[in-house]
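Chains here go by letter, A, B, C and D, matching the order in which they are written, and residues are numbered from 1 within each.
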Amino acid sequence: MSAITRTISYVDAIREATDLEMARDEAVILFGLDVDDPKAIQGTTRGLLEKYGAERVFGTPLSEDAMTGAAIGMAMAGLRPIHVHIRMDFLLLCMNQLINIAAKAHYMYGAQVRVPLVVRSMIGRSWGQGAQHSQGLYSYFMHVPGMKVVAPTNPHDAKGTLIAAIRDDNPVMYVEHRFLHFQKGPVPEESYVVEPGRARVLEEGSDVTIVGISQALVESVRAARYLESVGVKAEIIDPIWLAPLDIDTIVESVKKTGALCVVDNGWTSCGAGAEIVARVIETIGAIQPIRVLRLGFAATTCPPTPSLEEHFYPNGQTIASAVYDLVSGQARGWMPDERADLKEIEFRGPF
Amino acid sequence: MSAITRTISYVDAIREATDLEMARDEAVILFGLDVDDPKAIQGTTRGLLEKYGAERVFGTPLSEDAMTGAAIGMAMAGLRPIHVHIRMDFLLLCMNQLINIAAKAHYMYGAQVRVPLVVRSMIGRSWGQGAQHSQGLYSYFMHVPGMKVVAPTNPHDAKGTLIAAIRDDNPVMYVEHRFLHFQKGPVPEESYVVEPGRARVLEEGSDVTIVGISQALVESVRAARYLESVGVKAEIIDPIWLAPLDIDTIVESVKKTGALCVVDNGWTSCGAGAEIVARVIETIGAIQPIRVLRLGFAATTCPPTPSLEEHFYPNGQTIASAVYDLVSGQARGWMPDERADLKEIEFRGPF
Amino acid sequence: MQHSQSSSSFSPDIFRDLYRIRRVEEEVARVYPTDRIKSPVHLSIGQEAISVAVCKPLRADDIVFLSYRSHAGYLAKGGDLRAMIAELYGKATGSAQGKGGSMHLVDVAHGVMGASAVVGTTIPHAIGYAYAMKVRREDRIVVCFFGDGATDEGVFDESLNFAALKRLPILFVCENNSYAIHTHQSQRHFVSNIAERARVRGIPSEVVEDDLAALLTRAEAAVAAVRRGEGPRFLECVTYRWKEHVGPGDDFHLGYRTRDEAEPWYARDAVRIAGDALDAAERQRIIDDVEKEIAEAFAFAEESPFPGKEELMKNVFAEARR
Amino acid sequence: MQHSQSSSSFSPDIFRDLYRIRRVEEEVARVYPTDRIKSPVHLSIGQEAISVAVCKPLRADDIVFLSYRSHAGYLAKGGDLRAMIAELYGKATGSAQGKGGSMHLVDVAHGVMGASAVVGTTIPHAIGYAYAMKVRREDRIVVCFFGDGATDEGVFDESLNFAALKRLPILFVCENNSYAIHTHQSQRHFVSNIAERARVRGIPSEVVEDDLAALLTRAEAAVAAVRRGEGPRFLECVTYRWKEHVGPGDDFHLGYRTRDEAEPWYARDAVRIAGDALDAAERQRIIDDVEKEIAEAFAFAEESPFPGKEELMKNVFAEARR
């Protein structure tokens, strides 16, 4: 693959993908609370109202349930709606439409309708967001057949998966972590798709497979740096798409390493990590013993105070510490000191 | 444990538990769509309106979201609401209140409030219920900290877990499968609780551990009978409570058998089975190879037509066939013929 | 068909549509106990006039959204009868190849966009579809049918708000039969004034009594106004469900309502009234036609195959088509 | 504090309550840029009079439910100031030990049942609590505060319906500041008539303009009616948010509203008006008291410890207490 020379942010990658698709296809339409307001959803919708007009780019009343249903109706009529939510937590208001209709319509209406709907939902963190502004609930959408789920971790994939999602004739849950919004990275100027169902081996290693989901991938890369210092070589996998999930890539890696750690940006119970572990073990559990570990949100409500919040999320150091124990087969009691040079983690490809 | 002489149905066990608790504690209150109508929620609420009056037993408007919020408000005020839904699928209308508030209130309000709420939700099946009247979505509630989840499989536990749920100061999701409503079994007349977090080994065996959830437990017992005919001895576990989950009992069993099959009454992806498998493997995966299999709904929307629906759900025969392959380590191509004597499966204890 | 309360005359088409729906429902009810219908059925008997009157002024390319009590709306809009019966039978020739069932009837080619088993869920679909028509400057319109129970759900109010705000080409039709299953509206609403709730949003709204002539006039006017681009309209149509909530029988034995309550509605039966307006020969010709069509549709369903096992996993996802 | 538009005289208490809330908010805004407050803040500046007027006739054992813009309601109802500031600081002495944050203030001992970050979510809690009071034959009442944006959500309409149906002892108070974040009501509602939506449900309802005297009178009357057992009441109180939606600053630079729009509201400032009604010495005494209390509360928060790591997993579940 040829080197990509332009560097832009994740926010701009989303904006550009939307812009390109809206220019390419009149049917694409963008709405949700505040998409047309001065803050333009962190900048991801900036300029689109001016370019495409208020019928194709509009804010809505605070009516998540009806607006999701409306998005489905628009999709049935042949539009390709992108419905934006500044917090994934608000999706709990429209689960009926998403799970009972969007995921099922094509099947239960005998393939007479299609629901090409993209739901953009943001996960927050820090600054005291607390209980209801922090949840990464994507496993809810992995549970139900008929939905695709994607959680891009870098600007390149943010653009390519959003274009893929918009062109997909099925409902796609597109998950953005606010920390990732500030990531910069190489992004081609032209249109391209990052296809559903293909994971990426970000770094090769022989001792343990670490699968990092959404922003947890960044923490996993940090963890890999720490682990190097104790001689542990981690293979880092970015699943990109959670449904369909590229389990083969993960299984191949675990066959080699014999140890799997999934670092999630949500709770572990019945989460994405549980699914990944179960599928790996169903495939190769009978053949070899496998060390397995899931990390994710602490099994509690997210507290806003920083003294507790720092223990709510796994980070590079805590991941490294736990993975070191995992590969060692015993508690080592090792916790690396924070390294300032790991503050900025950027992906430069290859993609 | 002394023998229990009285036999009643699951429906009557629910009714009796509710009655006993309403008599014992004025704070217990029962409501939901149609709880006071002539069909009395399959009979589970029969007679309670007459006995406790329309303020403590009432039907509601079709407003699942607000009524769930109201239930939470009642609970904050010191009542102990039981909110009934004739289909679990309708919970998708009130996920915001259940996940964003009920599960979190005690924590995020600094332990100043309690939410002693019981949500009774029914899973359907057959008779063309189809896409939106068939889902077993309990993994959504296992995902979020702060909720308890129970899926009793027999009249004894239906009564004992409901009483435990009503007395619990936390939100409890109580899951009833309509097929189980017709089960009969021994139930003590007096009050008793079946405590959260304790599973039951229903049948002992050495070759494979089968965990059956809700109605899938009945199918698992059928499967065990078929498996006997090919010499496979299955250990059957009823988890009863899905959260908190008694993983120790399951782990102990798998240590012995080396093989685990979870038969679920829902989709497998990020489902209860994924969680059980992941926790077992996290505990003992490093020590021994373990054969693992999840069975559950086919990864599709539930079709109403019987020619497809019969393939949507695992049953005694298909479970037996798959488990035989699992313990054999190879595809045997064995599918037992249906046995008429397995139509009625009843649990006679011990409890 | 002795006496008529209304002196209006109705076109043969109206009688045909009404009679056809009534007889389909009666056939469904007749067959139901044999277990050959593989789906719960929510019969429209007693409520047919609303669907027929509202669909009469619609064009083939207009769109309707329905609730699970969808048979009348489906047929009135032109949904395929054979595909419907086959769907109830769970057959591969059904409107959804047996994957929808009675509660999810659909016929996109005839503008029936689909029914849903969860009360109120199709209301926002209707506004979304109408929004698409509006931005594409089409002169089609959407009609959204639902029951009085659906108006209890918050999504109803949210949808009215959006429809009003965006001046959408949509006609809301509430079939108020007073009951949600066995619970009367008076046990669910402090004031029984559903139409007012639309009016307060700025949507012209009216209550239409159970009278075929009135229904036809009011529906035609409302459809015309919506088509002229005047924004949404709302009709609350007062009606009565003759049969049990779900299933083929009567339900007076349950005790939540009495036969006395039902009698006046039977006396106003629109099917009879529309039939009485015709001369006997013409009426009989229509009856014969319809009976033949229905018999054929049931025969078609009976003879059709069930879908094969390989269908189970098909169409979970839509395949790319470009 | 030069001139007053209103000639009414207001009690010292009213001034104290208003001034106290205003000054707490200003202190929060002042401290905010230092990052010692560990939570997003939604300031009530400009809207204080509504909380003060409505809480004035309440008893200590009455209950209020709040939105995330909760500081005014929390303080007006008697919520503990030190616990509030400590909660904003994320300290162990906070109302929720740092586990709630600014958006989830609570003080059960003083009848503040809790605020929520998801718009509209506390409205049904309020009706549930009122239901409990009703069945227990208490003479307490519930007040439910929320913004105009919350009325977009279906749960608002569902809750009105239930409150009306069950004749609950609840006063709904909509603080209509015309905006949901940066989106004006006119972009969200076709007709701006929130109070009408309650009236159509059979709930006596009125619009109260931005006038302290009117607010006091109307709130007192509404609370009295609810307490007499006359069922729910609804007040739509017209108001204006002076500061940005979230955070401590102004936001005219964003361009969604102008300073011109704000000026008339500044001119009607209730804090100043209530102060002007007092003699200078009395006013100063109150100011000194309040300033001292606020300074102490912030000092308390500053000095308090953060919760220790062991708190993270505490109170996920409530322990049995019997």
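Keep in mind that, in the parts below, a residue touches a chain if its C-beta (ideal position, glycine included) is under 8 Å from a C-beta of that chain, and two chains touch if they have at least 3 such contacts.
Since this is a predicted model, take the numbers as computed values, not measurements.
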{"item": "Third chains touching both chain C and chain B", "value": "A, D"}
{"item": "Longest centre-to-centre distance from chain B, chain (CA-based)", "value": "D"}
{"item": "Distance between the centres, which are taken as Cα means, of chain D and chain B, whole angstrom", "value": "42"}
{"item": "Inter-chain centre distance, chain A versus chain D - centres from mean C-alpha coordinates, in Å", "value": "37"}
{"item": "Centre-to-centre distance between chain B and chain A (centres being mean Cα positions), rounded to whole Å", "value": "31"}
{"item": "Residues within chain A bordering two or more other chains", "value": "60-61, 63, 65-66, 89-90, 92-93, 96, 100, 107-108, 130-132, 145-146, 299-301, 303"}
{"item": "Sites on chain D at which at least two other chains make contact", "value": "94, 99-100, 104, 116, 118, 152-155, 158, 161, 165, 188-189, 316"}
{"item": "Pairwise touch network: line, ring, star, complete, or other", "value": "complete"}
{"item": "Chain B-facing residues of chain D, complex", "value": "63, 65, 94-97, 99-100, 104, 106-108, 113-114, 116, 118, 121-135, 154-155, 158-159, 161-162, 165, 315-321"}
{"item": "Of chain B, residues touching chain A in the complex", "value": "65, 89-90, 92-93, 95-96, 99-100, 103-104, 107-108, 130-132, 135, 137, 139-140, 142-146, 243, 266-275, 277-278, 281-282, 285-294, 299-301, 303, 329"}
{"item": "Touch list for chain B against partner chain D, complex", "value": "29, 55-56, 60-61, 63, 65-79, 81, 96-97, 100-101, 105-116, 145-146, 148, 167-170"}
{"item": "Chain D-touching residues of chain A, taken from the complex the two chains share", "value": "33-34, 37-39, 59-66, 89-90, 92-93, 127-133, 298-301, 303-308, 311-312"}
{"item": "Interfacial residue positions of chain C with respect to chain B in the complex", "value": "38-40, 90-91, 94, 98-104, 116-120, 149-150, 152-154, 180-183, 187-189, 254-256, 306-309, 311-313, 316"}
